[in-house]
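The following pair of complexes shares a single chain, chain A, combined with chain B in the former and chain C in the latter.
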Partner chain A sequence: MNILLQNLINGLTLGSIYSLVALGLTLVYGILHIPNFAHGALYMVGAFMTYFFMVDLGAHYWIAMLGSGAVVAALGVLCERLVFHPLRHSPPIHDKIAAIGILLFLEALVQMLWGADFRRMSSPFTGVMNIQGLIIPEQRALIIAGAAVLVVGLQLFLRRTMTGSTILAMAQNREGAFLVGIDANRVAMMTFAISGMLAAFAATLYAPINLVYPAMGHLVIMKAFVIIIIGGMGSIPGAVIGGMIIGFTEALGGFYLSNDYKDVIAFALLVVILSIRPQGLFTKGAH
Partner chain B sequence: MLQLNNVDVCYGSFKAISDISMSVESGELVVLLGANGAGKSSLFNAISGLIRPSAGQIEFEGQRLSGLKPSGIVSAGVVQCAEGRKLFPQMSVMQNLMMGAYVHRRDKAGNRRHLEEVFELFPILREKSDELASALSGGQQQMVAIGRALMSRPRLLMLDEPSLGLAPLVVRQMFDTIQQINSLGTTVLLAEQNAYAALKIASRAYVMEGGQLVMEGDRETMLNNDEVRKAYIGA
Partner chain C sequence: MWLKLAALLTRPATKYVFIALALVFPLVAQNEYQIYVMASAFVWAIAVYGLNIITGYCGQLNLAHGGFFALGAYTLGLLTADYSWSYWPAFVAALAMTAVVGFFVGIVSLRLKEHYFAIFTLCVGFIMYMLMDKWEELTHGPVGVRNIAPPNGFGLVDFTETTPIYYLVLVFLMLTMWFIGRLSRSLLGRTFTAIRNGDELAQSLGINLMRNKVLAFVLSTTFAGLAGALYAGMVRFIGPEDANVLHTFDMITYLLVGGIGTLSGPLVGTIGIVWLTQSLQFMEEYRMILFGPLLVFLVIFFPRGIVGSFLSWLHRRTQGKAEAAAKAQQSRDTTGRRVNNNA
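Coming up: the complex of A and B.
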């Protein structure tokens, strides 16, 4: 019983991180219909920026997280302005190639500045909580709570504020959004900023129980793509629930089936779900 | 109020609209008649800034619209209620209406007043305000689309085939409402294929064919014109 609970906590931790990364990916897809392969690189840069602020400059973990969020949000906006915006009238394949270009560029840049080593980055939350025999490391509790706050905060922003609603409006009907006077550039920049910030926060939350290195985004981004395909491209609830599904199956599968194959489980699940619901779990209407 | 001079619109090498000059005066209800593919929507989208005219000028109250972004054109007071409605399907009726007030988002009191006016025009929308726009009937969705456009506080409202796909009784009410909107002070440019019903509420009309204007005149002239009767009224 206790082992099962322990694994569920692990699943929830993983699911929280995956959901945050997938949310950023699905938001950008919903607006621009770009599969942003560079999103994993933004995640990686987020971890390195936190490392830089915290280890090199000595800032507090929270300050480093905010700083990293701001830098990666700006980086997201920069990608949109310098790369995706000029390509808006080109065939979609150009966006995809450009996204891979950004990914390679950022990885090479980080490798040049920090080297290819694996780094450890410990947060101030190294203790464990013992709730009636159930062991929860503080950092894992922080990941779960942090992701919950971010997901709820994002929902409130998107549904309750006029500015946030412009993102939903643009995703639901692009021309309709133009006709009420919503500016496409503003929405695109805002979406990339939010997407980058979520990636940086996810990386900052996860890095202390993992390692920081230039290729750290690869597996995460591949799983995030699996998640948004399972959840339905562009669907926000799909990203959160898809993230949880992958997180839980990985934690449980990794323990009860085989730890060596845990990274394959996500892809096996993808095949199963798509053969039952080819459009994804939460796709509505046009997407 | 609205003035078009020698406007061309192209899609790639295909010229959908050639050399159109027309005008709409303040307070008028002008109808733009034309069969499928005549170029009505293309013209509206050029005025709204969704597509850039390849030649000619579009002016609204002396201000050049060509070159403004769609958001700038809405702010200037030219608002389109598009063909196919273009609602936000996963938002409630209320949210759709409030998105219409996007360019006036800082004026909360003004928006409440306009919302009240929209609900007076379409009382059913007040009852349905929490339902998803996509769950409404076609006629009600058209009301949301017109209501959303009104929330943008148009001085010129462009309606692109609002009667499309609606039951005959609903169409009649729709035209009554459009006339009412016009009589309350909003200038209206109405694109229609439903010529008889549209002409009955019009002050003037233009007829488009193959991307060109082929005829214009006031209501009486058009209703009594044999060619118009043959081509669009079927009598």
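Coming up: the complex of A and C.
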């Protein structure tokens, strides 16, 4: 029983991280209809920025997280301005290739600056909580709580503030949003900033129980794509639910089926789901 | 002057000049290494031609292409190293394998459109990579496959030497280019282009979307398998890293630099970039610092690549010349008439 609970906690941790990354991806997709392959690179840069602020500059974990969030948000805005904005009228294949270009560039740049080694990054939360025999490392608890706060915060921002509503409006209906005078450029930049910030926060939360290296974004971004396809591209609740599905499947599958193949599970799940329902699990009608 | 020179390049006879150049290259190369680099550029070019069928002509971004390349290489490598097949039967088996797997991946993935297709194939490529890395009983895992047989020369030629393998690869490259040339001018090639230009429009012309897309996909994966099998016979050591998605991204770079959807683009792009990376040795590891922004720059400013941009420049110039000539003719006519009137 305890082992099952332990695995469920692990699943929840993984699911929280995946949800945060997938949220950023789905927001950008909802607004601009770009599958942002560079999102994994933003996640990786987020981890490295936190590492830089914390280890090299000696900042506190929280300060480093905020700093990294700001840097990656700015990077996201820069990508939007320099790359995706000029490509807004191009065929969709160009957006994808440009996103791949950004991904390759950021990865090579980080590798040049920091090298390809695997790095450890420890946060101040190294203790464990013991709840009636159930062992929860503090960092994992922090991930779950942090992700919950961020998801709720994002919801409040999107639903309760005027600025947030413009994002939702544009995702729901582009022309309608233009008609009521919403500035498309501002919304696009804001979306990229939020998306980058979420990626940086996710990386900062997850890095202490994982490793920091230039290729760390690969698997995460591919899983995030699987998640938003399962949850419906552009859907915010879909990203959270999809993230949890993948997180739990991976934690349980990795334990009960095979640890070697745990990373294949998400992709196999996608292949099976798309073979049966090409439109995804939660989407209504044709895409 | 330049225009005439440029127009010469588009003459059909020009290709014989290039074939002749390729044939004498081993004689003028300074060392064996250069021949080897050229041969590996040809192998990549064959794979890029495959990618050009599905992505360039048919407009579907296939991100599993590197996976199929590795599938061809692994099929050949495992059959020759572990099951002691000789090279050519294993070669045919590698082509059959990539075609069959391509067919099954195709019928599932091509039901999806645009982004969904790209993401799905990205996942398929990753599953292939993971299987090669983890399924140790079959693939030897991260250790890779050694002792792969070289192409069998039947006692006439020794394909472990660099120059013979260069010519072998060149023959396959020319066959590939000949086939793709025929394809792009055929009804089938035009059907692929029609699908790229618009699914619905193509369908309304009576084109069976699914059948043609699957055909394009199978053709493209088979060429990837061909390139992979040649690669395995040439390098004679393969590992799971050959299935890394970065190789797919490399191939996309070659394709885009050369000119997506053009006939000579894949060759121009591959040879150009391979030699550029070779001449800047320090770049091997960090090449993406240059190539990443290059990709972005190209899709924003020159989405048609070197060959595509060259062709449209040529077209504009000849068009401009013809128009100028027509205008001059017209003005001469009108002046002439005026003179007549005066008379």
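The rule is simple: the second predicted complex is superposed on the first by the 280 of 287 C-alpha atoms of A that agree within 3 Å, B and C clash if a C-alpha of one lies under 4 Å from a C-alpha of the other, contacts with A are read in each partner's own complex, and residues count from 1 in each chain.
In this section, a residue touches a chain if its C-beta (ideal position, glycine included) is under 8 Å from a C-beta of that chain, and two chains touch if they have at least 3 such contacts.
A quick note: this is a predicted structure, and the numbers were derived from the prediction, not measured.
In the overlay built on the shared chain, the residue A:261 is in contact with chain C alone; chain B does not reach it. Once the two complexes are overlaid on the shared chain, A:124 sits clear of chain B and of chain C alike. Of the two partner chains, neither chain B nor chain C is touched by A:115. Between chain B and chain C, C contacts the larger number of chain A residues. Looking at the shared chain after the overlay, A:179 reaches chain B, while chain C stays out of its contact range. In the overlay built on the shared chain, the residue A:166 is in contact with chain B alone; chain C does not reach it.
Across the complex, chain A meets chain B through its residues 162, 165-166, 168-169, 172-173, 175-183, 284-286.
Interface residues of chain A facing chain C in the complex, by the touch rule stated above, are 29, 33, 35, 82-83, 86-87, 90-94, 96-98, 100-109, 111-112, 218, 222, 225-226, 229, 233, 260-261, 263-264, 267-268, 270-271, 274-275, 278, 287. By the touch rule above, chain C contacts chain A in their complex via residues 55, 59, 61, 108-109, 111-116, 118-120, 122-124, 126-127, 130-131, 134, 245-246, 249, 252, 256, 285-289, 291-296, 299-300, 303. Against chain A, the residues of chain B that register as touching in their complex are 48-50, 69-71, 74-75, 79-82, 85-91, 95, 98-100, 102-103, 105, 134, 148-149, 152.
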